[in-house]
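I'd like to ask some things about the structure below.
Chain lettering (A, B and C) follows the sequence in which the chains are written, and residue indices restart at 1 in each chain.
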Amino acid sequence: MSRILLGISFGLMMAALYLVFIYVPTEETMGVVQRIFYFHVPVAWVSFLAFFVVFIGSILFLWKRDEKWDMLARSSAEIGIVFTSLVLITGPIWAKPAWGVWWTWDARLTTTLIMWVIYVSYLMVRSFAVEESRGARFAAVVGIVGFVDIPITAIAITLWRTQHPRPVIFEGGLAPSMLLTLIICVAAFTLLYVYLLLQAISLKQAEADLGKISQALRG
Amino acid sequence: MRLPLRKAFVIAWKDILSESRTRDILSSVAVFALLTIVIFNFAFEPGSDNVELVAPGVLWVTFTFAGVLGLGRSFVFEKEKGCLEGLLLCPVDRDVVYLGKMLGSLAFMLAVEIIVVPIFLVLFDLPLFLPQLALITLLATVGFVSVGTLFSALAVNTRARDVMLPILFFPIVAPVIIAAVQASGLALEGQSWSTMSSWLQIMGVFDAIFIVISALVFEFVVEE
Amino acid sequence: MEADSSAIEVKSLTKAFGKQLALREVDLQVKGGAFLTLFGPNGAGKTTLIKVLATLLRPTTGTVRICGLDLSEYSIRVRREIGLVSHQPLLYDDLTAYENLQFWGRMYDVHHLDERIHNLVAMVGLSSRLHDRVRTFSRGMQQRISIVRALIHNPSVILLDEPETGLDRYASSMLKEILQSLNAEGRTVVMTTHNLETGLEMGNEVAILAGGRVVYQESKRRLSLASLQEAYHRYTGATL
C-alpha cells in the first residue's frame, strides 16, 4: 500500500517539476522567481492540513485514550513543522526579489509564524514533561488550544493589516496553465505528506511494540 | 446558584484570602509592571507625537509579561504544598477547579491593573477617565487568564516551568494582544465605541471560546 | 454499611507510567471496618496504590470499587467517602487552621461546619492554635490538622500514606490512638508504613506489596512479629 503511494507521489512530483520549470510560462511582473509560488502555496496548504490532523488526533487521543491517536498527532506535528518552516523560508525568498522586502507582516505569513511557534511548543511540551504519557496529554491539549487559536489569530491579524496596509502579495487571477500547475503541485505535496505521515506512524508503532517486548522480557 | 459553581467561588475566595495575607505576588507583579513601563520610556523619545502611537503597545506588552509572572505563581504554591492533590480529592468536577483558579487569578490581575493603569496614564500624560479602556482591560485580562490558568497548571508539571509558560502562552494570546493594543489606541484618542467594536468582539469571542475549551481540557492536564 | 461487605475491592489493577509498571495485576479486598496495614520496600508501589484508591490516579487496566461504587464511573461520589492523609499536609500556609478547615469543609458540603471543626480540632488537642496561621505550626501539628482535614467530611474509608514520617513520639502515639478509635467506630482504614511494629500493633490485617504486586495478605490473629519479619524477608529480600 505504501509502495503504491510512494510511486504515485513520486510520479506526481516529477510531473509537478516538469510543469513548474518547463511547462508554465513565466509570470510577467515578477519574473522567474515567481515559480516559487508553486511550491510555497502547496507547502503552506499542507502545513495547515497537518495542523488540522494534529487537532483531530489530539481530540481523539484525549477522548479514547488510545495511544495510536497520539502517534498520529505527533507524526503530523513533526512533519507539519518541517513544512511550516519551508513556508517561512520560501516566503522571504520570494518576497525579496519580487517586492523588495524580506518580510511583510501580512496576514498569512504572520499567522504561519504563530502556527510555527505553536508547533514548536507542542513538541517542546513533550520533551519537557516529567513523564512520557503525561507529556502526550499535555501536547494534545496544546494541539487543541493551538488549532482553535489559529482562525481567531488570522482574523485579528487581517483586521490589523487592513488598518495598516503594506506591500500586498500577488492577488491576481490565474491563467489556466498556472492553475493546472498549482493543482498538480498541491496534489503532489499532499500525497507526499500522507506518505511521510504513514511512514512516521508505522515507525512509532514499531518502537512501541519493541518497547512492549523488552518490557515483557524484563518481566 | 448551582452548587458546583458555588465551589468555584469558594476556591477563588481561598486564593484571594491567601494572597491578601502576604500580598507577595501582588506587590512583586505590580512593581515589575511599573518598572517595565519606566524602562520602555527610556526606549522612546519623550515627545508628544510618539506617545499616543506607542502607549497602547507599551501598556499591553507590560501586562503580557506581568501576567505571565503572576499566572506562573498561581499553581506553584498549590503544587508545593500538595494542595493541588487536595483540590483533586474534593468531590467536584475538574472544570469547577479550573473556574475557581481562573477567577482567583482574574481578581488578582485586575487588582494589579487597577494600580498600574492610572500610574501609566499619568506617566504618559494621557487622559485618566476612560470607561472604554476599562472594558478593554477587562476583556483582555479575562482572555489572558482563561488560557493562562490552563497553561500554568500544565507548565508547573514540566521541567522548565518558568520558560514553558511564556512559550505556550504568548502565541495563543496574540489575537488578544493585537485587539487590546488597537482598541486601546482608539480609546486613548477619544474615539467612540463603534470604532472599536470589532476589536471588542474579537476579544469577547476569544474569551468565551477559550474559557469553555480550557475548562473542558483542564482535567487532562491535572490528572497524573 | 454492614461490617462484612467489602469496603475496598481491587481486581487486576495495573498502573503504568509510560513504559514503567508501578502496579501489576493487584488483587485486594478490604472488608468494611477492617484496618489494613500495607508494608513494602521503596518503589513497591504503595503510594501508587493509595493514590489510585484516592481517585488521584486512573487505573491503566483493572477495576477498583470503594463502598460498592466503581471509581471510574462514580469518582465524585466515591470521593465523599474517602479521607486521605499523605506525606504532605495539604494545608495552605498563609491561612489559619480554622480557615483551612473551613475551606475544605465547604468543598465537601459539610453541615454544621463550625461545630465540627471545633470538635475535631479538640480531639487532636490543638484548640488553642485554631486561629493561628499554619505556617507557624510544627510538622507534627500540621499532620494533626491534616488528619482533621481528612476527617472533616466524615468519610467511611481512611487512607494513610506513611503518616508517621517526620512525627515525634508524642504526635506518633496520638496518631495511633486516633486511628484506633476511628477504626473502632467502624471506619475502614488502610495505612502504608515502613514500621513493622507499629503496623502490627494497629492493624487487624497486614499485606505486603512488592514489585507492584500484593504478595502476602494475612489477618493479624495468625501472626507474630517474627513470622511477619520472616515473610517480609522472603518476599522482598529485605528486612524491616
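In the analysis below, contacts are C-beta pairs under 8 Å (C-beta built on N, C-alpha and C of every residue); 3 or more make two chains touch, one makes a residue touch a chain.
Note that this is a predicted model, so its numbers are computed, not measured.
Chemist: More C-beta pairs touching across which pair, A-C or A-B?
Modeler: Between the two chain pairs, A-B has more contacting C-beta pairs.
Chemist: Among the chains, which one keeps its Cα centre farthest from the Cα centre of subunit C?
Modeler: A
Chemist: Return the chain label for which the distance between chain Cα mean and whole-protein Cα mean is smallest.
Modeler: Taking the mean of C-alpha atoms per chain, the most central one is B.
Chemist: Round to the nearest whole Å and give the separation of the Cα centres of subunit B and subunit C.
Modeler: 39
Chemist: Could you grab the centroid distance between subunit A and subunit C? Build each centroid from C-alpha atoms only and quote it in angstrom.
Modeler: So the centroids are 50 Å from each other.
Chemist: So the centre of each chain is just the mean of its C-alpha atoms; given that, what is the distance between subunit A and subunit B in Å?
Modeler: Their C-alpha centroids are separated by 31 Å.
Chemist: Where in subunit A do residues touch at least two different other chains?
Modeler: Not one residue in subunit A touches at least two other chains.
Chemist: Among all residues of subunit B, which ones touch two or more of the remaining chains?
Modeler: 223-224
Chemist: Touching subunit C in the complex: which residues of subunit B?
Modeler: 3, 7, 10-11, 14, 17-18, 21-22, 81-83, 85-93, 223-224
Chemist: For the complex, give me every residue of subunit B touching subunit A.
Modeler: 147, 150, 154, 157-160, 164, 167-168, 170-172, 174-175, 178-179, 182, 198-199, 202, 205-206, 209-210, 213-214, 217, 220-221, 223-224
Chemist: Show which residues of subunit A lie in contact with subunit C when the two form their complex.
Modeler: Answer in residue numbers: 131-133, 211-212, 215.
Chemist: What residues of subunit C sit close enough to touch subunit A in their complex?
Modeler: Contact set of subunit C toward subunit A: 16-19, 21.
Chemist: Could you pull out which subunit A residues touch subunit B in their complex?
Modeler: Within the complex, subunit A contacts subunit B at residues 62, 114, 117-118, 120-121, 124-125, 128-130, 134, 137-138, 140-142, 144-146, 148-149, 152-153, 155-157, 159-160, 163.
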